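The following block contains the structure, expressed as structure tokens.
When the chains are written out, they are named A, B and C in that same order, and each has its own residue count from 1.
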Amino acid sequence: MITAFRKTAETFATGAKTLEQSYFVSPEIFAEEQEKIFSKQWVLVGHQSQIAKAGDYFVAKVASESLIIVRDKGGEVHGFYNVCRHRGTRLREDRNGHLSAIQCPYHAWTYGLDGRLLGAPHMDEVPGFDKADYPLHAVNLASWEGFTFVSLAESPTPLEEWFAPLAGKFSHWNLPKLCSAKRIEYDVRANWKLIFENYSECYHCPGVHPALSKLTPYDAAENDLATGPFLGGFMPITKGNSLTMSGNACALPVGDINAEDFHRVFYYSIFPNMLLSMHPDYVMVHQLWPRSPERTRILCDWFFHPGAFERADFHPNDAIEFWDMTNKQDWHVCELSQQGIASRSYQPGPYSPRESIPAAWDREYLRYVS
Amino acid sequence: MITAFRKTAETFATGAKTLEQSYFVSPEIFAEEQEKIFSKQWVLVGHQSQIAKAGDYFVAKVASESLIIVRDKGGEVHGFYNVCRHRGTRLREDRNGHLSAIQCPYHAWTYGLDGRLLGAPHMDEVPGFDKADYPLHAVNLASWEGFTFVSLAESPTPLEEWFAPLAGKFSHWNLPKLCSAKRIEYDVRANWKLIFENYSECYHCPGVHPALSKLTPYDAAENDLATGPFLGGFMPITKGNSLTMSGNACALPVGDINAEDFHRVFYYSIFPNMLLSMHPDYVMVHQLWPRSPERTRILCDWFFHPGAFERADFHPNDAIEFWDMTNKQDWHVCELSQQGIASRSYQPGPYSPRESIPAAWDREYLRYVS
Amino acid sequence: MITAFRKTAETFATGAKTLEQSYFVSPEIFAEEQEKIFSKQWVLVGHQSQIAKAGDYFVAKVASESLIIVRDKGGEVHGFYNVCRHRGTRLREDRNGHLSAIQCPYHAWTYGLDGRLLGAPHMDEVPGFDKADYPLHAVNLASWEGFTFVSLAESPTPLEEWFAPLAGKFSHWNLPKLCSAKRIEYDVRANWKLIFENYSECYHCPGVHPALSKLTPYDAAENDLATGPFLGGFMPITKGNSLTMSGNACALPVGDINAEDFHRVFYYSIFPNMLLSMHPDYVMVHQLWPRSPERTRILCDWFFHPGAFERADFHPNDAIEFWDMTNKQDWHVCELSQQGIASRSYQPGPYSPRESIPAAWDREYLRYVS
């Protein structure tokens, strides 16, 4: 939703155009993205508040892989492939829950929350069988600002190194302590990159988002991150106190927000699958999961201050309804773009000066895919 | 529905057999057909009565392409790819309607009914940007007997040249002035060529169409077009006055029908996607749209004299119900053929003398596909 | 459901592991199986009791082919491709019925129950056309213990030669005379081989089948066929008299069962698509039909003594409900295995000593597929 910037000459590469058709429809490029981006980079899978207690777990799907993200008895969080080492059976079917151990539903092989094989009936009769050889397969897992990221790469860049450019930038937002009040899942018939390109400009706001445009002027964005994997900035809230149906704040401030930021919304895209939208009173986070060249699963969470939940002035639906409406407006135009881009008549079109962030996102993306 | 002809020796190529299996099931041949036939030849998309006034439009789908067919303010009809020149967005989602300009729902770029880009917010800030460089992409469009045809080819044979063999042949049928009272869409699980082969003979009528067979004898066809892209002739109506549920005429005569033709039905196939069935009191037109090797979308319209609609003796459902029933009988046996032809045991089978027109259609088809 | 055996050293190949991932997910291997196994070997399609009278027929689907299995007027059973020799039309759409001749629904070509073309309207006008040249295409068909098998191979091994190792083994079970009281069809989202592997061990019974495990101890199997295309043995019934919801026998004994076998269930897998489960009072037969690498259609019949049906002590649902419940428990864990095996983390896992029959089945399977 962020328009480009104010000083055209500085950052707008004159003549930037949209990506070629194949990036939106080709199964080969989709497979390349899945391999080089979603199976290699750090991708967002959730927030530590989802697995607050030992034994809490949730299941995430990354690059067609089902993963169990679980907090062990020592408080450490692990990520495992959701696959038994015996005959390959899916271990957990539910989306989340609480466990004392991970037992396979087929032949009852049992694993600890740290992945070690603890029990395997009758396998002691097999000469040379050693349980230590059959732990669950692990994936790399790390945390940034309370958000949980995994990487299927063997030896990924350490997460703190990847996020070094953002060190401390969001600390006053209190992100590690927030809790989600609601998750909505969307199934969008559009390429995942169209979602990023849509999020990264407000040139479309007047026609697509009449309600949003009343609260925040489409052409008033200021971007402080204009190149690289992290992009975005803020837009002023010029009417009301937050982006809600009522225009009022709907909860306690999420963190130590300064006076100026009380009338700003911060929008950042975190490559490759996170959209981070920080309002004074809540934080919205989108996870993007490509399903095919022409289809994306989106998980959207609304996070609030943990102290907000029990108070009389907590009205989370005021924010959730506002963005659920706005999200659907966005997904619809992304679906229309997907349809048109598949035409033989499609040619890359010219980005306007208000679309410098989509152009920057495209450039970053092209560093990963041939 | 037309049986072959009367004098076997003249026109029946002894030993003609049905097409090889691959023509009905191969994705490669389907792609070749889409490229060499449906993306090159003139294909029927509608009738001028559908867009009678300036600003009227309808959307057609040709070879996976969505097209906007629109009448401009000067009365001229245009065909455009339904794709914005900015970021490729689908412009119109509805099937038809009325417009004063074509505005993109995403970033509000606006085009005239003649395709010129009229407005593009903020693009004047881009050095060197010229609206004249970004009109909607056009397709070739022309009219024959009031029917609208498009060609995606760059430089197709002029439509009047293509239809020269039929010049004047149907003029007394008044086709340009007729209006459709009803459109029914069918989704048929059969290759599009099976629909043509089915339409082109009445050898199947005794078993498949008991009601039709009572009104018009299956073996009494006389064909006057027996080779080339336009095939067919007439069958006598020997009981009742038209092909309707009641057997009565259901509307004013469509044109200047002579006495002899008042008891005839004329059936013509127009390569590659039109079936034209002319009764004394109505004209039925099928559009055939291949969706996959094993699936075809069919649009069927029933056209009547424009003066018929307001009269007390106008009973269009009498005709529509008759042919909707008969159509479904045909689609069903086409679907059964599709199923059997996919068998490894299928071999081209021998056409009977009553199937010379399907055999002629196959020969014409093979001129386009390797 | 059969656990491996009692004397590990004799028959368990130490170190046997599950099959590689590709055998469960690869379209190429699936195509190879369809060609080399399901289009060449003898496969079960039904039982002679389904077509007791002349003119009775049923339709079977083998390796994507629809076949008509019909008893002719002389009592002989034939198998034909369900495809007209004229234009390839599917002849019979229903699953079973009774016929005096086989007439094509399209152009009324008519075949005898022995496959000869009897009538073809107007074809006598075609010089040189001879009905004797256009019989229905036949498939090889033969019977074993009352069960009907077909082979799409041109010259298959004679069925009696294939079944020679089992000659007389099941004769006291009276299989040719039994009749099915019920058929249930299942659509399972798992590779067909996972169904065999599941059927062939009871290592999973404690966790997956609590009701079954109460009647028959999971670790008490004795296998008498431990290598080759026919595998299995028996398990004792230690509580109650049969595998039923009530634990009681639900019908007359199926055959001449000796005292010892009155408390045994015999489980045999017959390569490549039959599971034969013989209880004292009923016989359950599964047909397995691979639909894709990740999907299998299963037909399950419950057969009883023909004299049982009219008696007051006939309670077939007592058995059917028991196994329908148990079947669904099995299909569910097979589906979970399919999901996990598709993971990049899957590696062949170690079979336990209680899984020697699945291991033997895998070895037999690998003789057919490269």
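The rule we apply is simple: a contact is a pair of C-beta atoms (placed from the backbone, for glycine too) under 8 Å apart; a residue touches a chain by one contact, two chains touch by 3 or more.
Model, not experiment: these values are computed from the prediction.
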Inset, instruction - If you connect every pair of chains that touch, what shape comes out? Choose line, ring, star, complete or other. - result: complete
Inset, instruction - Quick one: compare the interface residues of chain A with those of chain B and tell me same or different, with half as the dividing line. - result: different
Inset, instruction - Overlay chain A and chain C by their C-alpha atoms and let me know the rotation angle in degrees, rounded to the nearest 5. - result: 120
Inset, instruction - Averaging only over C-alpha atoms, locate the centres of chain A and chain B and give their separation in whole Å. - result: 48
Inset, instruction - Going by the contact rule at the top, pick out the chain B residues touching chain A in the complex. - result: 64-66, 81-91, 93, 105-108, 120-123, 125-129, 134, 137, 152
Inset, instruction - Can you check the complex and tell me which residues of chain C touch chain A? - result: 8, 14-15, 18, 21, 197, 203-204, 206-208, 333, 336-337, 339-347, 349-350, 352-354
